[in-house]
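One chain, subunit A, appears in both complexes that follow, with subunit B as partner in the first and subunit C in the second.
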Partner chain A sequence: MLSQALLVASVAIACYAVYQFSNTLGLNGNYYNHRPGICRRVAGVEHGSEDIQVMSDGKAFITSGYGTSSILKYLKKHNVKGRILLFDFKDPSAGAVELEMQTGQGFDENKFLPHGLSVLEDKERGEHLVYVISHPHGLPDLVEKFRFSPLSKQLIHLRSIPLGGNLGITNDLALVAEDQFYITIMAVFHFLPLLAIVETFLPLRTGSVFFYNGTEMQKIIPSLNNPNGVFLSPDHSLLYVNSFLDKTLQVYRLQPLTNSAELLQTVQLFGRGDNVQLTQAGDALLIGSHPKFLLFLEHYLALTPADVNSPSSVVRLPLDEEYLVREEDMTEMFYDHGDLISGSSCAAIFDGQMLIGSVMDSLVHCELFVQAKR
Partner chain B sequence: MYLKTALFSVTLFALQHIVRLIYSLGYHLHFYQHYPGPCRQFPEIEFGSGNFYTLPDGTTFITSGLDMNVFSRRFQLHYTSQGVEGAIYVTNLNSSEAVLRKLDIIVEIAAEEGGFSLETFHPHGISVWFDTTEGHHSLFVVNHPTRADDRIEKFLFDPATFTLHHVKSFTNPKLRSLHDVQAIGEDSFYATNILHEHRSRFFMLLELFSLMPWSSVILYTEETGYSEVVSGLMSATGIAMSKCGAFIYVMLSLGSQILVYSRGEDNSLTLQQVFPLYTHPDSAVLDPVTGDLFIGAHPIAHQYINHVDNPAKHKAASQVLHLRLTEGNITSITELLYDDGILISGSSAAVVYNNTLLVGSSVDKLVACKVNVPI
Partner chain C sequence: MDVFSGSFKHYPGECKKVKGARHGSEDMTWTHDGLVFITTGLGIPDVEKHLLATGTHGEIQLFNFKDPGAGVINLKITHRKEFDIVKMRPHGITLLEDRVKGEHILYVINHLETEDRELVEKFRFSPSTRQLTHLKTIELDSSFFFNNIVAFADDQFYITNFAYMPYKGVLYHALINLFPIKLGSLHFYNGTKSVAVTESHATPNGVALSPDKRFVYMAASMEQTLYVYKTYKSNAQLSLVQKIYLGVKGDNLNLTPQGDALLLAVHPVFYKMVFHLLWALSPECISPSSVLRIPLGSDGLAVESDITELFYDYGELISGSSVAAAYNNQLLIGSVANSLVHCQA
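Up next is the complex of A and B:
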């Protein structure tokens, strides 16, 4: 009698676990294409445009050529090069231009595989400081610091910031001031190539957010499930972190005196959110997300990712006066089955146009005909 | 021994059926809102704008005040307490500020026992036939008269006085729980039976939840009378015809599909394409200019079921889909609008004309949106 009851109970628990797992994979839910206006691919971008940040003059910096040790075969087959591109919203027909990197000592362009980026804007002289996370193969992750020279349109490499050898795989960073930033540690199982993917499934809470104060790394937010993109509110009081596994955007209030953060809001995203950006008007967050994670994994691990479609979605989260998300007014600005762009990771808006970036696919430019409802 | 096996099998069967039902009710589903442009609600309509038909010049007929004999008692009470009336409105989408006009209905023949009466008029699906010889428009409307069998009413439209003259009622035992009608001639049409049961609410619910495919499409012509041209469908709702008259589109709501039939010389229907739609379509309206189809759909079934039972309390998510056709087949699909039910609940019909999207609902409002996205 007892054994029968136990059997029923274990079957019930197993069924529930399978259901939850299928939810994290995004297997249910079928969505339709829709666009906010005329959208086109930007020519010459084939190996990703993972993170984008746009300056107040309409120039956007984009990282391209994402790669980690899990996908070495793909990197080799397609000769993927890590690059930083410049797109000018005021001159969209010029497309995305590869910025030449003027290297100093110690910076090896061939080992540069960029991921998240954050830019400290210099409004007076345009000499923006561009910080990019790089995953050089066989070496620990680094943050590369560049200065943008507006006259020569070059990125001058200033220094490589080491993060400490055994932290894990980093994802994105958010600058507070020069050489001071918050950075997400997405996965700690980095000693074997594909093992990090386990952390995108199992809620092991091994991820965290660190703060680099110029000299050392301090753990600010521990025990996160696969944190991905990170972004600061305009007044630097709130930190937005995407939990890739939980499919949520967490909003924290930063407590700099105690080196900690207080969780204020958890926004349910229903898709796996990647990077976070602020709209030009500063009234909403834009998140590039992966609605169907299983398809994204197939796309990510394919030898030729361009052949495997993964749905893309851009979600707009309006903010209230205190920079918290107004969940009832969330809208989706763009959805594509993967034909135009696969694996969207970020989006940026400037002057009625939108750029949508992807992890390893194309870069899309949309003319926004639709205004936000509220 | 055998009893145990039989019992176990029956329980397993019942269990899988329940799981299927719960899954189809869509409790696990979530979608994001998005609109093609700024939207406004029409203040004149509070209780439904369930079905449309649009003429090539932009004139659109809208049915309002839906009630079915198989709806719940709570709904019927709400209906009568709100003083809702069955009516047909007309608007012209050509003008930038579309204005609604309620059509006066004139009954030619005095209402005999069981004949057409405005008090019991509850319109649903609608289709218009333009007679080129006579030069007039005939409106075919599905009617669910109170405590009587469903039937099709035929009206003649007088554009000068904005009146409808009731001409004829089509009744027959083959017309069961009607949903929509598609005119194919001055006195001929296809009609969809969403369910077989049309009198008892209890048996209607049983048929619905047993997922029995007893829905059908009926053909009526003067020469051949009433005949069942397609049977074995899973809750067929909307029906539409292509511009050229060669293809018939049948929406399956619970079956979550669109069936494309090619129409024979004798009006027989041959299945040409089965298009899976992961949502529950209500009706399809033909774009008179491009020949595309616009569909009002109910993406989350449990919300719609609750909404039709208690419209004041429950909102239902609304969804508009745009289908492009090539040689009759559906070749592309885009979502034009998704709303959580705040702007409009239970969208059942939609059409785009002159960059205006008109969205109607079964028992809620009527909404017009500017279409800023490329169509």
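Up next is the complex of A and C:
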């Protein structure tokens, strides 16, 4: 009797585990293309546009040329260069322009493999401070700090911020003030290439969010499952973090005095959320997401990712007056099987247009049909 | 059963419930000048109880895309004594459009379950009085359960035989919807009798005809597949020219007025639809709704790579979407037993 009961219980647990696992891989569900307007690829962007941030004057900074030690063969074969692009929403036909990087000592452009970015906007003179996470091959992750020169349209490299060698693989950052930011540690298994991928589907809770206060890194939120994009509410009171493995967006209230954060909300998404941005109207979050993770892994690890389609999705999460997500009103603004854009990681909206970025594929520009949804 | 499926809601524009719709809007048929004829009052368990309790019955309603704010009106039917309107439980509807005088001929599938009869009722619409005149009743083989219909010519139509159903109880319906057993097929009624013109399928549901009548489109729900057949002058056996696996349970099909695409309403999370069909009036038993747009090429075949989803709702605005019709940047979406929704793009 007891052995039978145990057998039934183990089968039930095994079935549940299989269900959870297939859920994290995104194996189930049939989805269809739909777009919020007329969408086209932006010319000249083939190796990703992983993170985007738009300034209030419509100029958007985009990181391109994402790479890590795990995908060296792909980087070499296609001669992928780490770049920062500028797209002007007020002049979309000009496309995405590569910004020349004026380097000081110590900054090696050839080792620059950018990931998440965060910009401190300078509304007076346009000399924005652009911070970008870089994964130089064979070295610990760094945050590269640049100043944008609006006259010369160049990025002047100011300094490389070291994060401490053994933290792991970083993903995205969110600036509070100059040289002060929150940063996600996505994976700790960085000593062997590709091992970090294990942390994307085994719920080991090895990820975390740190705060860099100008001199040192402090752990603010521990035990997260593969945290990805991170973003601050406009009043800097709340922190939004995407848990890649859990397919959730976590909303925390920051407690700066105790260097901790209180979890307020866990928003369940259908796909794996990547980066988070705020709409121009400030009333909603936009998340680039990967509806089918197994297909994304195939795309990510392919020698020529452009040949492997991975579905893309942009989700809009409306916020209430306290910057919490109104879950019942979440909608999907864009879904593509991967033909137009594979592996969407972020989206930004400005003046009736949307820009959608991807980890290693194209950059898409949409003219939105419904102008009111900014 | 779609236990693991889920999607985010999204709409093609501003969508609102239409006034006057009460017992569902299972099927629609449209005219080129914006009129839509809708069947309401399909006798699924909860709805049947409500119809009997309130002394109402199935109706045919009219919606005008040129005046969407007016909502839907019930069309008065003038008929002989033999036509028992109290027992009318309409399902699929189609029309032969009269572009000259607007006196459209409507064919409506009517399930007389109390007498175990499967009927197709023929009506003429009078645009001046906005009334329907019942012309005749066509009796079909009651060992089948018919679902949807599309008119080919006067008293000739394609009709989907949902399943061979000698016993029409709820349990048998549930069985058909759980296991994809091939008990149905597409029939053609030639004026005197109806004959199967395709091989067997599991739950053939929606059916549509291309404007040039060369192609017949059919959605087989439990097979999650769209079939495209070519017609021949003799309208005997159809030949299969295309088969598209959709991955979702499709319901009714309608062409767009321009003839450039099919609109297919689907049930994306089917186990929720099963509960909704059993307990349609319970607020907890809602089922997500979705409308797919399947473009058609100039060769009459569906362009599989360009299928898009126009509408997805969790079931709060509309539950169990069964049909959609489009006109000039507007979309009208009907459901088996829930609301009728109008979207303005």
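What we mean here is this: the second predicted complex is superposed on the first by the 362 of 374 C-alpha atoms of A that agree within 3 Å, B and C clash if a C-alpha of one lies under 4 Å from a C-alpha of the other, contacts with A are read in each partner's own complex, and residues count from 1 in each chain.
Methods note: contacts are C-beta pairs under 8 Å (C-beta built on N, C-alpha and C of every residue); 3 or more make two chains touch, one makes a residue touch a chain.
A quick note: this is a predicted structure, and the numbers were derived from the prediction, not measured.
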Superposed partners subunit B and subunit C on subunit A - clash or fit: clash
Contacts of A:Asn33 with subunit B and subunit C, given as first, second, both or neither: both
First, second, both or neither for A:Phe231, with subunit B first and subunit C second: neither
Partner chain in contact with A:Met330 - subunit B first, subunit C second, else both or neither: both
Touched partner set for A:Phe296, first subunit B, second subunit C, both or neither: neither
Subunit B and subunit C contact sites that coincide on subunit A, given as residue numbers: 23, 28-35, 270, 313, 315, 330-333, 335, 369-370
Subunit B-touching residues of subunit A, taken from the complex the two chains share: 23, 28-38, 270, 313, 315, 330-333, 335, 369-371, 373
Subunit C-facing residues of subunit A, complex: 19, 22-23, 27-35, 270, 313, 315, 330-333, 335, 339, 369-370
Sites on subunit C touched by subunit A in the complex: 4-11, 13, 246-248, 268, 292, 305-310, 312, 345
In the complex with subunit A, residue positions of subunit B that touch it: 28-38, 278-279, 321, 333-336, 338, 372-374
